[in-house]
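Structures are listed in the sections that come next.
Consider the two complexes below, in which chain A is the common component and chain B and chain C are the respective partners.
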Partner chain A sequence: MHKNAKTFAIMPGKNRSKKKRDWNELIFKTLLLTPAVLFLVVFMYYPIEETFRLSMTRSTGLGPTVFVGFQNYVRLFQNEEFLMGLKNVLRWAFWSVVIQIPFSFFIAFSLSVFKNRITKPLRVIYYLANVLPSAITAMLGRFVFAPRHGVIPSLANKFNWQWLARIDFLGDPKLAFWSIFAVATWAYCGFYVIYLMANIEQIPKDIRESAQLDGATPWQYARYIVIPMTSYAIRIVSILCIVGSMKIFDLPWLMTTGGPGYATSTLGIVLYKSGFVNWQYGRAAAVGVVIFLLSLFFTIIQFSLQRKESDL
Partner chain B sequence: MFKSKKAFLALLLVVAMLVGMFSVTAASKVKLVVWGRDLPDDDPAHAYIKALIEGFQAKNPDIDLEYLALGDPGLMDKTKVAMANNRDLPHIFQSWGGSVMGGYADAGRLYDLTAELKDIPGSAAAQQAMTWKGKIYGVAPFFAIAGVFVNEDIFEKYNLKVPTTIAEMEKVADTLLANGIQPFAVGARDKWPVLAMYMYLVNRFGGMEAFDNAQARKARFDSEPMVKAAQLYQEWAKRGYFGPTPLGEAYGDAQQLMATGKAAMHVTGSWMCAQYGDPSFTDQKIGFYPFPVLEGGKGKATDVMGMTDIGFAATRMAAENKDAVVRFMKYAMSVEACSAELGRICSVPGVKAPNRLTEMASAVFAKAEAIQFWWDQDLAPSITSPLNDTLQQFLLPNSNVKQLLTNYEMIVEEFVGPAR
Partner chain C sequence: MRNQPTISVPLGRAYPVRSKLTEIVVTAILILLALAVILPLVLPFLFVFKTRLEYNYNPWGWPTEIRWINFIEAWRAIRIGEGLLNTFYVCLGAIACTVPTAAMAGYIFARYRTKVTEVLFYFVLAGYFVPVQMVLIPLYQLCGLLNITDTLPGLFLPMTAFGIPFWTIIYRSFFTGLPNELAEAARIDGAGHANIFFRIMLPLAKPATVLATLLVFMGAWSDYLLSLIMINSAKNYTMQLRIASFMNQYGVDHMPRYAAATIIAAAPTVILYIIGHRWIIQGTLAGALKG
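For the complex of A and B:
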């Protein structure tokens, strides 16, 4: 009883100091978080909200802003250029995941597993394209594919392959997309390679050694050990790839201006032209919202798939 | 001690007076902000801008000129953003006039200088380009017209005459093709270079009213002259008049084709006079001629397509600095500044053409009875980029040009309204 009484006598004081400590901790945490929260609100959430609001208006940026509800969205889905842009980014995303990710994985795996003297220089070479500004990348792409004096026509002429020299890689609507995609694959894969390599190299050595002792071929090692152990990283680069595809702008704009016609147009190009060339800020904002929702949609799908898998 | 104190005070007074004097001088200097496209450097294409900036500064020491070269499309983008925000505007910006300038004027961003500029000597077309709804907002010292640049060496070699009719032009093109020479350079990858020839073809089929009516919404953009002109354009593309890869080549490539004698004609703006007349750029002898007429068509040889080449417009900020702004505009239109230009057609009387090509282009301009502004500058901004997108597809052999024009008409209907 006496013991309890003592305890009761002490508890209020302990509570007070604990409360004070909690309070101080809360203030400290709030102070630490405030800059980040402010940054997010000012530079992310507010612009997103503003873009949504602007997409419901008709505005040239100069005259009055008129509320038009969902009219911009309705008109967008009736617009040939937007539909072509949407089709192209979905196509771009699909082929990026199907071609660029496996290709990058193959390079990353080879550089990590078969190490020798040229591995390090090769890493630099693969990553080099990624550090080039997109304007330079596009210029190099044009230099390769330009008719008459480009690298391909020049080589074709040298070997007297007139069928190849005559191909208009950037002017043929069926080929222009693939020409730009080829340049993009060269330019973007470097990042995926480095990211995947970093993950592959984290796999403990003893796992590889035991696989070797068990007689696993490199293919089996990749298939049954490396891919499952780097699945998270593969998923991350896939998301980056898809989200990047939704907003692709620089290479198609700089290499073909979205042409011929709308053959290589993308949502980013439609957004830029709507806002900065055609003075339709409301329409441009609506395109921005579509890009945002598409990116969000694919990201959620990816993460929900991952969650399901980890639950299993 | 007293003496030194006195001397010290006298010195202080002198310093104070000097500081005061300089600060008064600095305060009395008027600041004038001008946004332009080109750097005032030693590039021959920038000769006029250099002369304008340096000459104006030398002649107006009381004005502190801040000239900002923004490049292309930097100038247009920055201007658009500043106009939309309605802040940080310059006093003067380089402008091509037309509907873009008109949009700014309608929004109240520009300053009406009609009273101050209406009597400056210059061509009527140039003044018209800088006029919107009866008010003059700026000056256009240089005017560009589209015409046919012809490689005269090639024509002489194959005994060809510069065509004056479309039929003659086709014969010339066939002869050139048969001899392995590309008839026309175009550079369609950049889209806008396709427009010059199409504007002329539409004019030659349907006269000035073909476009004027469509713009005024009295006719559709898929009317007969528009479609016929597009069909002829496509037919020429199919025949190979623009070479095997016109859509993969940019405007710079087209210039190279002309400069190296691989193409014999180039329908484009007179701004190319400086380069095509420059021996360090090309060793070919190139001339400038009016676009041929179509027998039975409505357009005349004196119907000319053109617009401001270099122009300046005043923003609402000019109100606070009107005198300095007007002085700049007048100097921009002076014989002294304009004489520095090496290739463009000058709209100021008394300025001699700097070379044979510009002289030829100026002669075509002087004979012009009617001028039609570039469509992609004169139409509402909301429908100009779809226009260039549409025209580029005329060079695709399998495209349906009538359908393309109908699609464009639908875009025009959406943003401007249906044809009545």
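For the complex of A and C:
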């Protein structure tokens, strides 16, 4: 932006109208920045401050608020539902990175290396699932997994596979998590696929050509060229995936409302239930702070990765 | 450069050696996966034309006749017409608030860098990392104070605040990348700050504006969590809320009706996607690669 400053300096008539021009500029800048700053102060920074304050109080939104220090946080970490929610989001993050990212990488790599007339339009189909709003994804998830009437139990009945028909995908505490996870994999992989594919396609052509001249097999090409060259994108997508997992709410809430018991509870669900079902504002705010700290933690990791990358 | 080897393979197919067999196998896997994506969207059509009795008797057979009654019932239960209107209102509100605000802020951050604007930029940038979950309770209370609880503006105003940081970053990097000569020429011709911005720079930023409009629309269209908190009365329900409440009220037991609701719920998004998938994918990638 030094360029700008210089062109300002050589402008004719600068000295005479400097004061007036500066005023104009100042007014112009203020006018253009005000809406954004106002929106952020009112609907983001003030609520953030309120979240921290509320998390230190016992409040129902109606009666008096009582300052209780860190009591809400202490109680949270003794609370079974919260601990289950915390465990679930961490488990969700771990398995998303371990399953969804490599799976998406496989698809993206195959789409880019085995590009032919059939595979070329498939990318558009994969991404469709990602575009669907989560309410509809959940609806489709129930359509497939619902007991007795869902697609899977109904098919199992048709072929008389009693072992499959007996499985309750959303009602079994052990299975419910994985059923929702399967739906999420269906829904989210599309994004990772197009993102990774865009990065794979950015590998310079001469590198691809030299790999071809050396007679590299697809496996060697992936192992020695694509993975090292897109490792940055893979890491970014993994962090996005982890940060997203901390906030997961829609799918488990709509498919099982966190049940059976607390089996599919997440931090978002704990927050929603404490805040808008039990009207414990203080507790809900404390959960909000925990979500924030977890996201912040992983975001800082992302930034330190980026910094290392730019050092190279 | 002179010693560049002559390439014996046709250009444009510069990929590693691939045997025909692997290609066929991988293609087959990819097609199967694509089918798995589409199948849940197609299967409802097998059930939707049956009566409940017919479904219970023979769920997987072809329907004996085409009946529209399930569509009619599902449509009535969801009242998707009103839902679409509400959702469009929210989408337009979010676009009208987010895009100009972000464009203006992004322009100042790109073209008038001073210490103050840099500090303000970091203030905006930090907002990008705030998860909306964190502030749900105070947002709800705030809307009570502002008297916009259970109204559609009460939904799209917070939505806007959470969209502004990202789009300000995008606009800032876009305006930074624009050449300076045009604005300079206009300035010498005596154009003021406002003229330069509205007449010259903003039209040049059209790609960013198209991108922002499209993706803000998609975001507002699919939102569930904020709507769930902010909207209480059924007449203000957006599409996603109506779909969710249909799911909870009627359940899966009446499968043909549920299938009809699924089709009705998914249709607008799928149609939008079929029309605009090229821009949607390009836009998402541009946003993701820059952000």
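Simple rule for what comes next: the second predicted complex is superposed on the first by the 253 of 312 C-alpha atoms of A that agree within 3 Å, B and C clash if a C-alpha of one lies under 4 Å from a C-alpha of the other, contacts with A are read in each partner's own complex, and residues count from 1 in each chain.
One rule holds in what follows: a residue touches a chain if its C-beta (ideal position, glycine included) is under 8 Å from a C-beta of that chain, and two chains touch if they have at least 3 such contacts.
Keep in mind it's a predicted model, so treat the numbers as computed, not measured.
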Touching A:F276 in the superposition: chain B (first), chain C (second), both, neither?
-> both
With the two complexes superposed on chain A, say which partner A:G268 touches: chain B (first), chain C (second), both, or neither.
-> second
Of the partners chain B and chain C, which touch A:P260 in the superposed model: first, second, both, neither?
-> first
Check whether A:R208 is in contact with chain B, with chain C, with both or with neither, and answer first, second, both or neither.
-> second
Residue contacts on chain A - larger count, chain B or chain C = C
Please indicate which partner A:F169 is in contact with in the superposed arrangement: first for chain B, second for chain C, both, or neither.
-> first
Intersection of the chain A residues that touch chain B with those that touch chain C = 61, 146, 276, 281
Complex contacts: residues of chain A adjacent to chain C = 1, 3-4, 7, 11-12, 24-25, 28-29, 32-33, 35-37, 39-40, 42-48, 50-51, 54, 61, 107, 110-111, 113-116, 118-119, 122-129, 131-136, 138-140, 142-144, 146, 149-151, 154-155, 158, 186, 190-191, 194-195, 198, 205, 208-209, 211-213, 215-218, 220-221, 246-247, 249-250, 254, 267-268, 271-272, 275-276, 281, 284-285, 288-289, 291-292, 295-296, 299
Can you check the complex and tell me which residues of chain B touch chain A?
-> 77, 80, 83-84, 103-104, 106-107, 109, 188-191, 244-249, 253, 381-386, 389-390, 392-393, 395-396, 399, 407, 414
Note: in the complex, chain C contacts chain A through residues 5, 7, 9, 14-18, 22-23, 26-27, 29-31, 33-34, 36-38, 40-41, 43-44, 59-60, 97, 100-102, 104-105, 107-108, 111-113, 117, 120, 123-124, 127, 129-142, 157-158, 160-162, 164-165, 168, 180, 184, 187-188, 192-194, 197, 218, 221-225, 228-229, 239-241, 243-244, 247, 251-253, 255, 258-259, 261-262, 265-266, 269-270, 273, 277, 280-281, 284-285, 288-289
Chain A residues touching chain B - in the complex, by the definition given at the top = 60-63, 75, 80-81, 145-148, 166, 168-173, 256-262, 273, 276-281
